[in-house]
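Chains here go by letter, A, B, C, D, E, F, G and H, matching the order in which they are written, and residues are numbered from 1 within each.
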Amino acid sequence: MTITVNDQARDVPEGTSVADLLASLGLKPQAMVVQCNGDILERERYGATVLHENDALELVRFVGGG
Amino acid sequence: MNEDYLEIAGRRFQSRLMIGTGKFPSATALREAIEASGSEIVTVALRRVDLSKPDDEGILSAIDPERQLILPNTSGARNAEEAVRLAKLARAAGLEPWVKLELTPEPRYLLPDPIETLRAAEMLLKEGFVVLPYIQADPVLAKKLEEAGTATVMPLGAPIGSNRGLRTRDQIRIIIEQANIPVVVDAGLGAPSHAAEAMELGADAVLVNTALSDARDHGAMARAFAMATEAGRLAYRAGLGPVRDTAEASSPLTGFLEA
Amino acid sequence: MNEDYLEIAGRRFQSRLMIGTGKFPSATALREAIEASGSEIVTVALRRVDLSKPDDEGILSAIDPERQLILPNTSGARNAEEAVRLAKLARAAGLEPWVKLELTPEPRYLLPDPIETLRAAEMLLKEGFVVLPYIQADPVLAKKLEEAGTATVMPLGAPIGSNRGLRTRDQIRIIIEQANIPVVVDAGLGAPSHAAEAMELGADAVLVNTALSDARDHGAMARAFAMATEAGRLAYRAGLGPVRDTAEASSPLTGFLEA
Amino acid sequence: MTITVNDQARDVPEGTSVADLLASLGLKPQAMVVQCNGDILERERYGATVLHENDALELVRFVGGG
Amino acid sequence: MNEDYLEIAGRRFQSRLMIGTGKFPSATALREAIEASGSEIVTVALRRVDLSKPDDEGILSAIDPERQLILPNTSGARNAEEAVRLAKLARAAGLEPWVKLELTPEPRYLLPDPIETLRAAEMLLKEGFVVLPYIQADPVLAKKLEEAGTATVMPLGAPIGSNRGLRTRDQIRIIIEQANIPVVVDAGLGAPSHAAEAMELGADAVLVNTALSDARDHGAMARAFAMATEAGRLAYRAGLGPVRDTAEASSPLTGFLEA
Amino acid sequence: MNEDYLEIAGRRFQSRLMIGTGKFPSATALREAIEASGSEIVTVALRRVDLSKPDDEGILSAIDPERQLILPNTSGARNAEEAVRLAKLARAAGLEPWVKLELTPEPRYLLPDPIETLRAAEMLLKEGFVVLPYIQADPVLAKKLEEAGTATVMPLGAPIGSNRGLRTRDQIRIIIEQANIPVVVDAGLGAPSHAAEAMELGADAVLVNTALSDARDHGAMARAFAMATEAGRLAYRAGLGPVRDTAEASSPLTGFLEA
Amino acid sequence: MTITVNDQARDVPEGTSVADLLASLGLKPQAMVVQCNGDILERERYGATVLHENDALELVRFVGGG
Amino acid sequence: MTITVNDQARDVPEGTSVADLLASLGLKPQAMVVQCNGDILERERYGATVLHENDALELVRFVGGG
């Protein structure tokens, strides 16, 4: 199925969880925030949250700033 | 000096120097600067993950949350709504509900928008955030923000990264005179003397970033700012002498043969 | 920092802050200030004994010659001959042959006399003194004194005791650029930020008196000046960033949704 | 006999030494400089130096100065 | 110069010096000042008639409406609604629908309220007024007012009546760079050199009051400001030279015997 | 104003703006500038004839000796003797025995030599010259020159041609306060506001060259300086108001409904 | 009957016009603005406008201002 | 014979006057100063002054200066 991550379309297998996705992207969950369809997702729910067709994920992290 | 602490929203800090984390050449350089600065508050920004660089650890790896309060800013937000969204994301990421409110519509001078900043402050306060707004050195706006309930005001000395120093000295002096919340001079301070000058005027703290990331030796410059900030504070409390139009002899005025 | 010392006439000093000893309310206050300043060079004046106060110990009781070089000044001298006589008296009193040459004919602004100062410097050098002349911020005069053989030049920032700060900034900058001997900014520095500014310009040291004796808390102000002087020196060596006409973002300029 | 100390005339007994004079004035020799008739007098010579009629002494000491 | 006029809301003015009419010792002194200033725009305030002084002619007797546009200010208004009411009263009194919008909540520094000023500007524009708002030297606010449709912006150089000069120079420079409407520097200009400096930066006009009413000779001071304002404008158009760090000889550098 | 003239060595001038004639792109540009400046004193230099350009008319062709006093400077002289020789050559060429004494040993900042300048002044005065010395803003030196008998002192605002303005403001203020001869601020004045500022301080005149030769429109810039110089003088005589730390309302402070 | 002028109560005869009032107060109509019960009154209507019990008049004029 | 003009050697015929020299150099006498062997020469004496072997002339004029 297809989802979007930071506005880029991606195909992921049915049943993929947010945790699976991050792993497949090589991203460590800590120090990152995930929004799914506009809602902020608590870190502890990454594993339990299964993605669906057309889900839109937003992945942000902290960078240097003044 | 341990009697003289900076208190923001009920929280006490020994250091009156806040550090921005942008533009450092490496995490090591940033760590050096933070370490040498003795800073207890460091600012960070939030941006989308670059999926092509999954290993990028982000900035937090350079900060020790035991020793520094991580203060997320709202840079990049184009309006109050985006600023609130950024603040919530930072909180969701596990940071405390503190935010440096920064709404700078135009990129050439990055000056803050007074109207949108006040509106965003009110929204953030409703959401329970501790709000530290970056503003023009505008005493009336500073007073409105204080009345709205912000934890500090952060008037600028000069445009971000300009190193121009305390060009808004007259207005900062008025803001300090009228404020009942900490006044943190932010932006434009390019040399330790600028930080000392702000503190001598009675500012409660200063925030510095570019002056440190510009330096050849980041640690030494951070240490220099820490010393100058404390020196300015010490002098403010010790009582600076009056500025005089004429000389006042430091040696007896008598000729030495006149006793 | 132990690599970075101030060297005058072949003698090394860790501290770049010199202290004048005039106008302190008590010997205790002076001792506190000297102690807190970490200063290694303190200036004194010479005057006739007041026969009605035989018990007056004089100023030396407040100074520890093990830790501070006592630098007699020639204040009170009306011309080169009197300045030389004062220097010799100080040497006869057991001080080392160092002298702060100070020839200030008029009492309102106490500004130095360039002609008489150069003449006195040449006479003192012939007599084997180490000469530290107090001068206007005049680059040509500074160069003449260096060529005559003085150990330093001590250009003024503003009139003695005025606390006006580095009003001669442009000229001091030129003196520093052209000098091959230490440049010590003397007179008029009224706040730690002034001392830091002088050091950031590349001055080798500063001398302060009135700003300390004016303070409510002499020790704290001396400590503040010591920190600011070192901060300015550190920053000078660490490399100050350029002054910019526009902003330079310290957070990424991308909107936070544009990564 | 009469001498002058810092421009003030004073009567002192014949045979008075500089050390005697300082003592009579209640002055401690250290951290003070004595000029006699324009010449600087080394401290160790205070005792041996006997004053004569019309000698002019100059007594100076260090004070606070910038 | 007749080619170079000031245009506000489609109306042309030769003079770039606006005059405030407050605090003059007499109507004669005011007339003298207006006459000597060559000003074509003079500001006035509105207040209740003092029934105990029925003969008081009010200020208009000192102004020649043929030669000066009378610009009522909204001083005394505590909020946007009162400012609008004042503007309407002035219009009802027969003045043209121009208004200097002035909302200064606190009496010590009389600094303008950015939020209320923008709100009042929008209300006045809806009512068809030509609006000239007095503001902090805040480039973002200035841009918002321009976008709302004000005829000018009038940023302050320093607090009203302080004679401190162009203390907001950096911000005024930015406002001028970004503005598409005339920038009139108002408040704090205490000497002709201040007015010239503002015009050299590219300001379109200046407004002066206290510097004139403070003067011993009101006419002479008004003439001085008129000349300095024109001088600054002339220099801005003639092209000022660059500020240099070193000298640039005005006589040939060759020794005179080296041809 | 015809009552208020500048008097130097018994000679009266209406204009307080002196013009240097160096670095103009053409004789026409120079003529334009002199004409527009209304100047009555213009400086020139002396150099060897270039035998390869016999037709070169020299600078005098651009000056009308009926309207301007031609003031030769001693630029190029390396010491007092050469300065005297230059002055004598100028006199031999038919100029009046006036000389702008200029001894600037080093080429980077062209700052005047205080010792050699005083020595040359004494020699020139013996030879019967009217001496106008270019000096550092050194009040003690200025007083010595006045006592020696010079007709004016000409302290610098900043290095020649730097356009930096009145960087020596504090010292100039003291020189003016202490002088009994005209004080002419020379060098570094780069904008009309700088000239006005000097005159407001009480300077008797200013000398400008580079700011005019740098301009795109030489005539307009010369006119601007003439107006600003007169404006500053007028303001000085009309009485400038005090600089205040707070506002002083120019409109009645009463709310408009409280009258 | 009683009216208020700039918040001060005043007794005026029945039938008094605004023009009459100004005259009785010694005020010249020009360069002054009259509000009656909150509404601005055009100058030409001063004569025709007759006052009634409890009318509230506001009289303002121009003063020096910056 | 040989003279020097502004440090350059020049051959001129016997009996050449300063006026002749200036003419031969194409120089107008006015607004110029002539020194001969270190002494300033009054303009009216240019014609009468005849040059001799090894005379050193210095010709200067006014240029723009501040």
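Following the convention adopted for this analysis, a contact is a pair of C-beta atoms (placed from the backbone, for glycine too) under 8 Å apart; a residue touches a chain by one contact, two chains touch by 3 or more.
Just so you know, these numbers come straight off a predicted model, no measurement behind them.
K.L.:
So which chains count as neighbours of both subunit F and subunit G?
P.N.:
Intersection of subunit F and subunit G contact lists gives E.
K.L.:
With contacts defined as at the top, give the pair, E-G or E-H, that has more of them.
P.N.:
Of E-G and E-H, more C-beta pairs in contact link E-G.
K.L.:
Distance between subunit B and subunit F based on Cα centroids, please, to the nearest Å.
P.N.:
Distance between chain centres: 46 Å.
K.L.:
Using mean CA coordinates as chain centres, what's the subunit C-subunit F distance in Å?
P.N.:
Chain centres of subunit C and subunit F, defined by C-alpha means, are spaced 34 Å apart.
K.L.:
Could you please state the distance in Å, as a whole number, between where the Cα atoms of subunit D are centred and where those of subunit H are centred?
P.N.:
73
K.L.:
Mark out which residues of subunit F touch at least two other chains, giving numbers and ranges.
P.N.:
20, 22-23, 45-49, 73, 75, 109, 111, 160-161, 164, 209-210, 249-252, 256, 259 - these are the residues of subunit F that touch more than one other chain.
K.L.:
Please output the residue numbers of subunit H that touch at least 2 other chains, ranges allowed.
P.N.:
6, 58, 60, 63-66
K.L.:
If we use the touch criterion from the header, which chain pairs count as touching?
P.N.:
Inter-chain contacts occur between A-B, A-C, B-C, B-D, B-E, C-D, C-F, E-F, E-G, E-H, F-G, F-H.
K.L.:
Quick check on the complex: what are the subunit B residues that touch subunit D?
P.N.:
It is residues 249-252, 256-257, 259 of subunit B that touch subunit D.
K.L.:
Over in the complex, which subunit B residues touch subunit C? Could you list them?
P.N.:
For this pair, the touching residues of subunit B are 20, 22-23, 45-50, 73, 75-78, 82, 86, 102, 107-111, 159-164, 190-194, 196-197, 200, 209-211, 213-218, 220-221, 223-225, 227-228, 230-232, 234-235, 237-259.
K.L.:
For the complex, which residues does subunit E have touching subunit B?
P.N.:
105-106, 109, 111-115, 118, 136, 138-141, 143-144, 158, 164, 167-171, 174, 178
K.L.:
Considering only the defined contacts, which subunit G positions touch subunit F in the complex?
P.N.:
It is residues 6, 60, 63-66 of subunit G that touch subunit F.
K.L.:
Mind pulling up the subunit E residues that touch subunit G in the complex?
P.N.:
Subunit E reaches subunit G through residues 20-24, 30, 43-49, 51, 54-61, 70, 72-73, 75, 88-90, 92-94, 160-161, 187, 207, 209-210.
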